[in-house]
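We call the chains A, B, C and D, going by the order they appear; numbering starts again at 1 in every chain.
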């Protein structure tokens, strides 16, 4: 009998200790289900998300660099100018539609940029989760290297900041190459309201 | 026919505060739903009409009104009724707390 | 010169942001003075007393944690551990237990339609409006002593910080840092006392944007939808643990629901 | 927000089609059917309303959602017998008209729908003359769903 109570006593604190990362992931895979266009598998974590979760988004610098290099490889930088049409870019930045289980498949997705960022001065309804991008092109210019940085950051923000909260909009299939180029223009084109 | 109403009539500094809630879709004729909104609201104090309102589909769904009636005393009978563009109606009565 | 321009331009914006916050608080305060939520409470009380199901019983003997039929202050002490189900339950899962045990209804039927719409709200939404309204003014005192309550709290915290979904978000991605906004929407930090006390105590709430009183399970469901997650199971262990974590974090503050929101 | 605006506009078309007889006789269908601010004011005989600072509009400058915007209007103009609420940019500017008979104070608080940012105008009738006040309310795109 004592052996049993000893085992229970041993087990008891384990129950009270923090659930393991694996256990938490298993709970998610069990308690979430496919709906509409969002598959159940989307609630499982890939390597970088496991590390970001375990390290509270602050992985050691060396590890962060490895992760960022890894993510950088996922970005297919198109050839030539990365500047699209800023007018289309504005609509993409304003739209929060797309990729939820109530969105029909195949419709163009929005970038939800205004949810987290300030961009054009005239839009008062902007978020503050991300840094302000007011006059971004005016401050940073719109040369090839800035275009490449902005394109890559939108495609996969984790290539530049391992545990960034910014969604990997290209990598996740949310935005097409052309939509990202239009956002690059919205940010960098001197004529864009972002730079007025 | 429709969902409930709710009213609270209380005495305030020199007036009776009447807050009334109504269950009504106040639709603005979306493609599938026909136009359906309250058109008139009537407030009576001890049987005497004191407010007559004409409203439209620009009033929010499940309307909420607050009125102020001159003076008033505990036990006054307050009645609020509405009539919509389909001829449906509802009313509620409460005594001043 | 360019720097000056951006400085000058930024200054009024900062001042504007402060006014905007004040004006939005005024909007919320005026909304709260007389809310259609009360119409849900009225109909919820009727359903609480209405005999239903094969056993033709009402829910008036339902034990929400303070004893059969005790409603006043019950929500301010949920989620909690219940001996009869040997589980930590939130209000909605507890109501399903009472529907099956007292009224003889099947779990499938009781959870058939838990999220309603403006034209036909769900029975659950009416019941929840009535019950939470009976906790208005009660201080949040959610128990966290039973081992299973503590386990739910720890799991809930892990769920709060768990990053996944199409866009790599966790709850903390938006509700993790003070003074943050999505568009004009202020984001309380739900993992800390002040933020949880401010937000948790105003849910469930009547949402003017869809003219309905929505429950906590719906709030979590719709947040996951906007986080681009797959759908959480209604009243699943993950959603109840998350609720328990936020509710315990909000302990000490008076419950102020049902709220009225955007 | 544009969905709300479209539905309000949708109403414009349907209202004109509805057989007017079906609407309650007392209902001022001309004024409520007006699609411009000028016509709405004309419909309630308030084309030449004089601005008055004794006609108070209490409302938030910013509404998180145009579906429900709380507006509180009270008149300190002696002898006020009615207050109308007119929302300039709505497809139907005239939203409501309140007649206060003996026994009621010229005061009302009501939740209104606004299709977009607009001036909300109150028009009071006192001693047979019309007075007006206006306040701009910004309607923002709330929430994160977008």
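Rule of thumb we're sticking to: a contact is a pair of C-beta atoms (placed from the backbone, for glycine too) under 8 Å apart; a residue touches a chain by one contact, two chains touch by 3 or more.
Everything quoted here is computed from the prediction, not taken from an experiment.
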Pair exhibiting more inter-chain C-beta contacts, B-D or B-C: B-D
Chain B-chain D separation of Cα centroids, rounded to whole Å: 17
Rounded Å distance between chain B and chain C, as computed from the means of their C-alpha atoms: 30
Mean-CA-position distance for chain D and chain A (Å): 44
Whole-Å gap between the CA centroids of chain C and chain D: 34
Multi-chain contact sites of chain B, meaning residues that touch two or more partners: 60-61, 64, 66
Overlap residues in chain D, where contacts from two or more other chains coincide: 67-69, 72, 109, 111, 140-142, 144-145
Interface hub residues of chain C, defined as touching at least two other chains: 20, 33-34, 174, 182-184, 208, 211, 226
Contact pairs between chains, per stated definition: A-C, A-D, B-C, B-D, C-D
Partner chain D, residues of chain B touching it in the complex: 15, 28-31, 34-35, 39-40, 43, 45, 48-61, 63-70, 83, 85-86
Residues of chain A that touch chain C when the two form their complex: 12, 15-19, 21, 24-25, 27-28, 30-35, 38-40, 42-45, 49, 52-53, 56, 99-102, 114-116, 121, 124-129, 134-135, 138-139, 158, 165, 167-168, 172-174
Contact footprint of chain C on chain B as seen in their complex: 3-6, 19, 21, 23, 25, 60-62, 64, 66
In the complex, chain D residues that touch chain C: 58-65, 67-70, 72, 109, 111, 140-145
Touching residues on chain C, where the partner in the complex is chain B: 33-36, 38-39, 42-43, 118-119, 208, 211
